[in-house]
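One chain, chain A, links the two complexes that follow: it is found with chain B in the first and with chain C in the second.
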Partner chain A sequence: MENEFLTRRQAICFLIIFVLGSTIVFGVTGELEQDAWIAVIGGVLIALVFSLVYARIMKIYPEKSLFGILEEVFGKILGKVLTVIFTWYAIHLGAAIMRTFTDYVSSTALPTTPPIVIMIVMLAVVLYLAKSGTETFGKWCVAAIMIIIPVFISVTLFSLKGMNFANLLPVFSHGLGKTLSVSYTQFSLPFGEIVLFLAAAGTVRKEDSPYRIYIYSILLVGLIALIVNLRNLAVLGPELVKESYYPSFTTAKIVNIGEFLARIESLISMNFMLAGLTKICFCVIAASMGTASLFNVKKYNVFMAPTTFTIIALSLNLYKNQMQLFEFVKEYQFYVIPFQIILPLIIWIAAEIKSRIKRIDQDKESA
Partner chain B sequence: MLTIIVLLTYFYIFIFDFLPMKKNRSKKEIIIYSVSMILSLTVLILYTFGIKTSQPTDFIAKTVDALLGI
Partner chain C sequence: MNKRIRKASCILVSAALCAFLCGCWDYRGVNEDTVVFGVAVDKTKKGDYHLSYEILDLINTSKEKGVKTKMIESEGDTIFEAVRSAKKKLANRLYFGNTLAIVINKELAKGEGISDILDCFLRNSECRETTEVVISEGDTAGEILSADGCDSAIISSEVDKIVENDQKETGSARRQQLYQVYNTLTGEGTSLGLPAFSITLNEGKPAAEVAGTAVFKGDKLQGFLTPEDSRYYLFVTNTLKGGVISVSSQESLFDDMSLEITENSTDTSFENKNGVIKLKIKTNTTVELSETKKETELTTGQEIKNIQNAAEKKIKENMIRVIRQTQKKYNGDIFGFGQIIYKKDPKLWNKLRSDWDRMVKDMDIEVSCKVTVSATEMMMS
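Presenting the complex of A and B:
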């Protein structure tokens, strides 16, 4: 498993799914009402800046995972401390997505089924996919995107009839400060989560530019998020988007073309299942890699089952109810600053210094 | 009923994941594996009996609120 690589296409597909996992169902925070789409553009711009940092880290240490980079740059002790921090982030993110996924399924399809049962069913799929190896995971991402994108396009086309573009007016009515603040929220959830891809940096070939992978995927997923947001706003209007927990689901629910095409919200659920499972699966892989690196174990697949069960145990105790889940976003955007901004910046600067010192030493030796 | 489902899931993982792995893994790997499985099993069993452990979200939210004065 350690020698398997993702192709550039697979890596881009994976990153798109990773960000879409949340966006496709939730849309964008309704705080900015009709201006929410501006926050998406803002979030994409911030994500583009930080993706350059993440890509540079990958470029300095090609074919090396985040945890390997941490030990090489910061030494054994500090490297292990940072490994614990990023492993926690992967577990927490996995648990949060699993809980979101379970709550979504409970409220839209299986209201009387205990959440733990839904989680156990998901566990089987996630564990099987994670254990299948990087190549299979990459192929799964490409296959999933082949379903997700056509479904997204068809739901958007079907909703054209119900769109009222007057819902997008007036533009820029919330001031620059609030727009920037919501743009940052949009970056922290979900765009900034792509920092976790550094854990799989070792599966990207040296020849494949990490800059291209990050930038292509952010631009593509940004475009999809923008269309999703504009569609939801145009169909539902800012008030309903603000009140709805799952605006994309609500949008799809009211689409009704003639007498033959109705109740297409199951398509949105299908997209969320595919994207959600992929996202949880990657969190399991990243957390297993972190655990293996922490205990100096070569093969990380040993820890996939314990990691998945830890994620389930955590997700059941993460929030009291769905309302707390949505309220936590207020604190979440600050909580993720160390993982998405501060630590990657420190790692990048330290890696630059370390690699330059190494190059100078090599030049001296060869001279 | 939920407790039985949880126990059966762990039993399934024990048979199909732990036992095949046990033969060619080091003692360290087996210990880490077992400890984390027992910990998650304990939390899940407590959950099935309606006993909830402390919520990390509360702690994170309180810490962020205290630091930033939200």
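Presenting the complex of A and C:
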């Protein structure tokens, strides 16, 4: 397992899917109404700043995973505590995505199927994918994006007819403060979630610049998210975007070209399924990596099945209903501050100091 | 040995996978659903909702007789309760995924408003957001759906097609699909105008016909515009794409010429002079002369100019008349003038919002119309 690497292309594809996993279905930009797309740009900008931090951590300790870095920088005990925290983040994120996914499937396609069945079927695939190893996962990401992007483009083109750009007016009417705060919300979900990629930092080769990977993927996915947002606003109008759980799905429902090209909302579902699978799969991988490093086990594969089951159990019990899940999304932005902002900053600073000290020591020894 | 276990487990897994292949969990066959084409919402004397659904009549539909539809009726305290209680007398569940039109009773729209009704249909994941919403001008909404279709076996489909093409062909009602209705109801500075339908006689049998526009304030119905007046409503809101204007030539007292609109664009702007707001409406219409009684040389520039002038005058006068009448009578802003201000200057709108309904009534409105006759079709004179 140690020697498996992602190519740069695979890493970028992965990050794009990872972020899209939640944006493609719901946008939590309701408060800003027709200015929601500005918040997306804001979110991307904040994400760019923090991705520099994440990338720098990767640069200091190349080919090392987050949990390895934590132990090296903070020592055994503190390192393990932080490992637990990040493992929890991965498991919780996986469970939340899982829950979003099942709720979505239940309310749009399979109302009478028990959620547990949807979860098990889905997680069987996730487990299989996770067990197949990093290389397969990387290839899967490239293959999935070949479906996701064309579907996204075609839905956008089909909905051109129904677009009314007057829906976007008046521009920037919500004031700077509100726009900034929603921009931050946009950063925390989905862009900030890329912090989890640090767990897989060990699979990125030394030669591939982590800066390039992060910045490329954020710009690309930011563009997609921006277009999705503008499209939904132009088709549905700000009032309906604000009120609907799954604006992209509703947008696709409205598409009707020449009587025969209608009801393409299943395409949106397909996209979400692909992106959701990949995202949950990575959460499983990251969480089992964390657990493995916690117990000093070399092979993290053995922890995948238990992690998956933890995710099922957690996602069933985290929220009582759909409303609570979406209510939590509002609090999510505060909940993730330690994972996305504070801890990465601390790790970065500590890593800088530690690596300097190490270099000085090395210099002394060689001298 | 190991190979054998492997083989056995392969067979076992394949067998297990077969269980998934035989169908989906939420399988529902077409024969288990009764497809609803249209819903009419009325109120009973007791105060319950009375819903009528137009469904395909599978008993009487045959190759020789063609498609037949029939009505199913049910009652309930709420819309959804009524929908489900229809199952009491049906073998199949009603399926709303193909519902084309929702017809609402005018008394219901006046008394309780239409928000509740629309919410139920918009919330349900089965219904389409593109369903047409229309108001029945007659006594009940059910009578629209129980009329016979003139050239379509399914009356809901006919209503859907009428509404869909009206702006292009006759210009007497504005199409508002379910999601657009929601946006208009919740949007800033605008009120709703929905297509109204009434029953007329065709060959002695009842037939559904567009009866102009139902004017709303908030979600409550205020009254109706005639089809003729509705055309000018479409003019003002820049939603007119076709229709006929009849004008009179200079010597005649009666309208003796028909102009068919091929293109129209209306641009509404406003001017804010020290807090005094003036609305400016500019229309630009292209028409074709489709009918005339008078024998004149239409190729001469002067004659065409006269026709254009007459049409311009007529459009202008009628637009002002319809705007003023509607404002006075119904107290709402179905023309969406407030929204125009909101879109261009949200700060100004915030100041005006509270007093808008009163203000818009005495607002200065400047209308300028331009009509171009682009063709006289196949005849020169």
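Heads up, the rule we're going with is that the second predicted complex is superposed on the first by the 366 of 367 C-alpha atoms of A that agree within 3 Å, B and C clash if a C-alpha of one lies under 4 Å from a C-alpha of the other, contacts with A are read in each partner's own complex, and residues count from 1 in each chain.
Note that contacts are C-beta pairs under 8 Å (C-beta built on N, C-alpha and C of every residue); 3 or more make two chains touch, one makes a residue touch a chain.
Here the structure is a predicted model, which means the values were calculated and not measured.
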With the two complexes superposed on chain A, say which partner A:314 touches: chain B (first), chain C (second), both, or neither. first
With both complexes overlaid on chain A, does A:328 touch chain B (first), chain C (second), both or neither? first
Taking the superposition as given, does A:117 touch the first partner, chain B, the second, chain C, both, or neither? both
Where does A:347 make contact in the superposed view: on chain B (first), on chain C (second), on both, or on neither? neither
Kindly classify A:295 by the partners it touches after superposition: chain B alone (first), chain C alone (second), both, or neither? first
By residue count, is chain A touched more by chain B or by chain C? B
Tell me which partner A:44 touches in the superposition: chain B (first), chain C (second), both or neither. neither
Tell me the contact category for A:109 with respect to chain B and chain C: first, second, both or neither. second
Where on chain A do the contacts from chain B and from chain C line up? 117
Counting only contacts in the complex, chain B reaches chain A at residues 2, 5-6, 9-10, 13, 17-18, 21, 25-26, 28-29, 32-33, 36-37, 39-41, 43-44, 47-48, 52-57, 60-61, 64-65, 67-68, 70
Report the residues of chain C in contact with chain A in the complex, numbered from low to high. 20, 24-26, 125, 128-130, 177, 179-180, 182-183, 186-187, 342-346
Parts of chain A lying in touch with chain B, wherever the complex brings them together: 92, 114, 116-117, 120, 123, 291, 295, 297, 302-303, 305-307, 309-310, 312-314, 316-320, 324, 328, 330-331, 334-335
Residue numbers of chain A touching chain C in their complex, please. 107-113, 117, 121, 166-167, 169-170, 173, 236-240, 243, 250, 253-254, 256
